[in-house]
Amino acid sequence: MRHFTHIADLGPDGVHALLARAAELKLLQAGSGLSSGLSSGPGSGTTHGQALPKTMRDLSLGMLFLNPSLRTRASFEMAMHKLGGHAIAMDTGAVWNLESDEQAVMNADRPEHVKEAAGVLSRYFDVLAVRAFAKSSTLGEEHADATINAFRRHASVPVISMESAREHPCQGLADMLTVREILGQTQGAKITLVWAPHIKALPRAVPNSLLLSAAAAGADIRIAHPPGYDLAPQVLTEARALAQYSDGKISVTDDRNEALQGAQIVYAKSWAPSAEFARAPDNPVLKAWMLGSEHFAQHCPEASFLHCLPVRRNVEVSSSLLDSVHARVIDQAANRLWVQMAALEWLLA
Amino acid sequence: MRHFTHIADLGPDGVHALLARAAELKLLQAGSGLSSGLSSGPGSGTTHGQALPKTMRDLSLGMLFLNPSLRTRASFEMAMHKLGGHAIAMDTGAVWNLESDEQAVMNADRPEHVKEAAGVLSRYFDVLAVRAFAKSSTLGEEHADATINAFRRHASVPVISMESAREHPCQGLADMLTVREILGQTQGAKITLVWAPHIKALPRAVPNSLLLSAAAAGADIRIAHPPGYDLAPQVLTEARALAQYSDGKISVTDDRNEALQGAQIVYAKSWAPSAEFARAPDNPVLKAWMLGSEHFAQHCPEASFLHCLPVRRNVEVSSSLLDSVHARVIDQAANRLWVQMAALEWLLA
Amino acid sequence: MRHFTHIADLGPDGVHALLARAAELKLLQAGSGLSSGLSSGPGSGTTHGQALPKTMRDLSLGMLFLNPSLRTRASFEMAMHKLGGHAIAMDTGAVWNLESDEQAVMNADRPEHVKEAAGVLSRYFDVLAVRAFAKSSTLGEEHADATINAFRRHASVPVISMESAREHPCQGLADMLTVREILGQTQGAKITLVWAPHIKALPRAVPNSLLLSAAAAGADIRIAHPPGYDLAPQVLTEARALAQYSDGKISVTDDRNEALQGAQIVYAKSWAPSAEFARAPDNPVLKAWMLGSEHFAQHCPEASFLHCLPVRRNVEVSSSLLDSVHARVIDQAANRLWVQMAALEWLLA
């Protein structure tokens, strides 16, 4: 039985295969003559989307949100729906917390164990999608990725991640699909991941997934962050092995300007090595990492700008950059739809 | 591209056209021989609703609730479903607040801007429905209607209002469809809108929409409220222009009994000119505005009673009135379904 | 018009009929060659589930959760979907509380009356499903079952319970379907219901429904609980009448070991006669009622173990029991799907 909770579930060949399928599905929908409902109008909608194969017909997706979501929820439900299946979103976090410790005496605030929750939901649904952040972003919790791994152990149907402590793999695939569309290929793509300031200590799942996906896809990745804001050594090691297989490159620096020089894709994201780390707005050194269109003008005037969203304007990134021709963040978010369709098909193939 | 967030988007001719289409859709469903599932039973359901044209087939509706909802959510989702489309309800308010200020430095409690939210969701859905009240009911915030107008600016698909600071236009249409059913027409309908007491300072979106819809539909409207509880001058001016076009009338008084005399339709609703206004239960003068069946007996024994719901029994209106033959509030709420179907069709036509 | 909010709505013959239909539906799905989506894969899904009759086609289910839910929500929505219908889940509790007192002056925290809510929702949906616990578990509130009974009075479509103060009838049917599958029949089944410790005072809806369903199905029921933890006398009286009709038996004891001796089915559940009752973890006498696999080894080595879930491991029941071959709790929860399909069909027949 397949699961897709980490890029390692696909490997480099799987990443390439899913990107190709996602691009194919997107073309099929475009080929139906309708990029959106706008040009259709009532009645003519009949042909819209029928070009998409109904590969999920009679299949159901149970989506469990232990943390809230807007983009992920909408894009997963529509991905399942467009392929003919049925999706149900459950705000598990709003209902109750789930215990994942196998030895727990459950006398506190977690009234149900993943053993039972995953077991039962596997009987109602054909696939389970789970969003389960860590409470904080310590390296240990990130690496253990306890909740999503407990779902893998205890579900009797495929499990797909909608972001966990360690990775947000569908975001990583959407990032690479966008790179593929902008540059024609991912191989050798000069991608710079730059740290961005924020008012909160954020987890590393998104930068981890960008790094792992880009490495698997053969990109030339430069990472720039302030001293002390390193990504996890386990993730860097895994990414370097993927890059070696795929003939990609990875380098890390604390000199942002050098990292931006000649970049084709610039990806901004905030993260913190732990919840205790300095909040960026209180620290002028960190605040200076806010990215603006002036950095593009100076170092990489042809580059495209990506961000996973939501983005805090004029905190992480300036409005001038987000409103510039560099920004491809809406296209990037739209690509969640297609990679998730491809991932659902792969899980059930 | 069409939007429907204010009655002005339709104009008087559009209001008439949508009411006619809503009535037609309702007849089609009735003509299928089933007013509800009750008389069908398993199996026979196959013909139920098939008389309705599947004008939304392969189209999707993203519903964003920045404020909670019961009636609006159920009726919008079922409207889309009955026409063959797919709707997703998202409690955006439960996830995070959206920033609509174009210049904001987003370092506070609003982690996402409408620019990104509307842009992205436009790529997942064919229509966006948005519920976005103002935090309070100041005239300035009501008139600016910042959040819904930001969605209009930044969405690349049609936007429909599920109630905003200034208007609740689908409620207004449902009100007029109900008047049309009761009286046979809206032209010249003697409609009295009476202010009602409440425990909270409520916004004016519902009375504004009743007034604008009724004026557009050519009704003879009398508004009765306590001194100081005026509707916004901009809304009254707009309504007077609509009434002039449609050969309707508008008058305002603080004498409720006079306003009830000879009314065919009585519509009760509470509103306040600002959040600071006196709470009705603390004020015997205001409390006396609670409407009862005795007022109907005395002033308008043939009149029908409308209210947008939810209604606080024995605070806004007496139980005796709500349980009397005057009350048509359930029919009125049921009509949300049909006007929303007509509005969805109009948006995508 | 039919409702299904209490086992009394079915009676013993109805319980047997619904269990038979549920088993038949389950066989139809199994007969389609697919017990889950796992073995199908994209494309082949077309035949999956088509063996199920689409008896709910063009029908809609409105699900109102005045209390949160995971299992019940997922299984009800999938039950409706698998039969071709459409279900909408509404977290009414998150929106606002509903008033059920017919005489209320609604000036507090309940802005809508069930009269209006049930009346309106009956116009959008063909069936209403309602979850409405009592705030506490006093005998009076349990017996009055005010909210669900108000929905019965005021809805103009069938109402089905997703658990109320007094009963959780679909859970009771799922329990009996599981017994039927394990033992081949429910008649004469030796079922022991044992009280379990918990950190909260829980309502009696689940043990009530197990008792009433098992009595209606002709089982031989033994109930074991600590002194003072009696079930409601009205429920026991009703169960004894059902047992008499169905040739079943009911006995009550405070000697757990005696009650376990020779049991075929052991059902653990916590409940309290009132919210004021002693919390189990503070009381060593109560704590000793935690059930473990050692009790099965000693008293009923062939017995199967049931629990309605969620279950607090190592508080109510030991992990060793839940992870043993005795446990059938996942099968039991899975059976919610089939009995709810049968109940929906029965309501609309």
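Order of writing sets the chain letters: A, B and C. Residues in each chain are counted from 1.
Keep this in mind: a contact is a pair of C-beta atoms (placed from the backbone, for glycine too) under 8 Å apart; a residue touches a chain by one contact, two chains touch by 3 or more.
For clarity, every value in this text was computed on a predicted model and none was experimentally measured.
Two copies of one chain, subunit A and subunit B, form a contact in which under half of the residue numbers belong to both partners.
A rotation of 120° superposes the C-alpha trace of subunit A on that of subunit C, rounded to the nearest 5. Distance between subunit A and subunit B, defined via averaged C-alpha coordinates, is recorded as 39 Å. Multi-chain contact residues, meaning those touching two or more other chains, occur in subunit C at positions 94. Across the interface of their complex, subunit C is touched by residues 36-38, 40-43, 45-50, 68-71, 73-75, 77-78, 81, 91, 94, 199, 281, 309-315, 319, 322-323, 329-330, 333-334, 337 of subunit B.
Within the complex formed with subunit C, the subunit A residues making contact are 1, 53-60, 62, 83-86, 88, 90, 92, 94-96, 99, 102-107, 111-113, 115-117, 119-127, 156-158, 345, 348-349.
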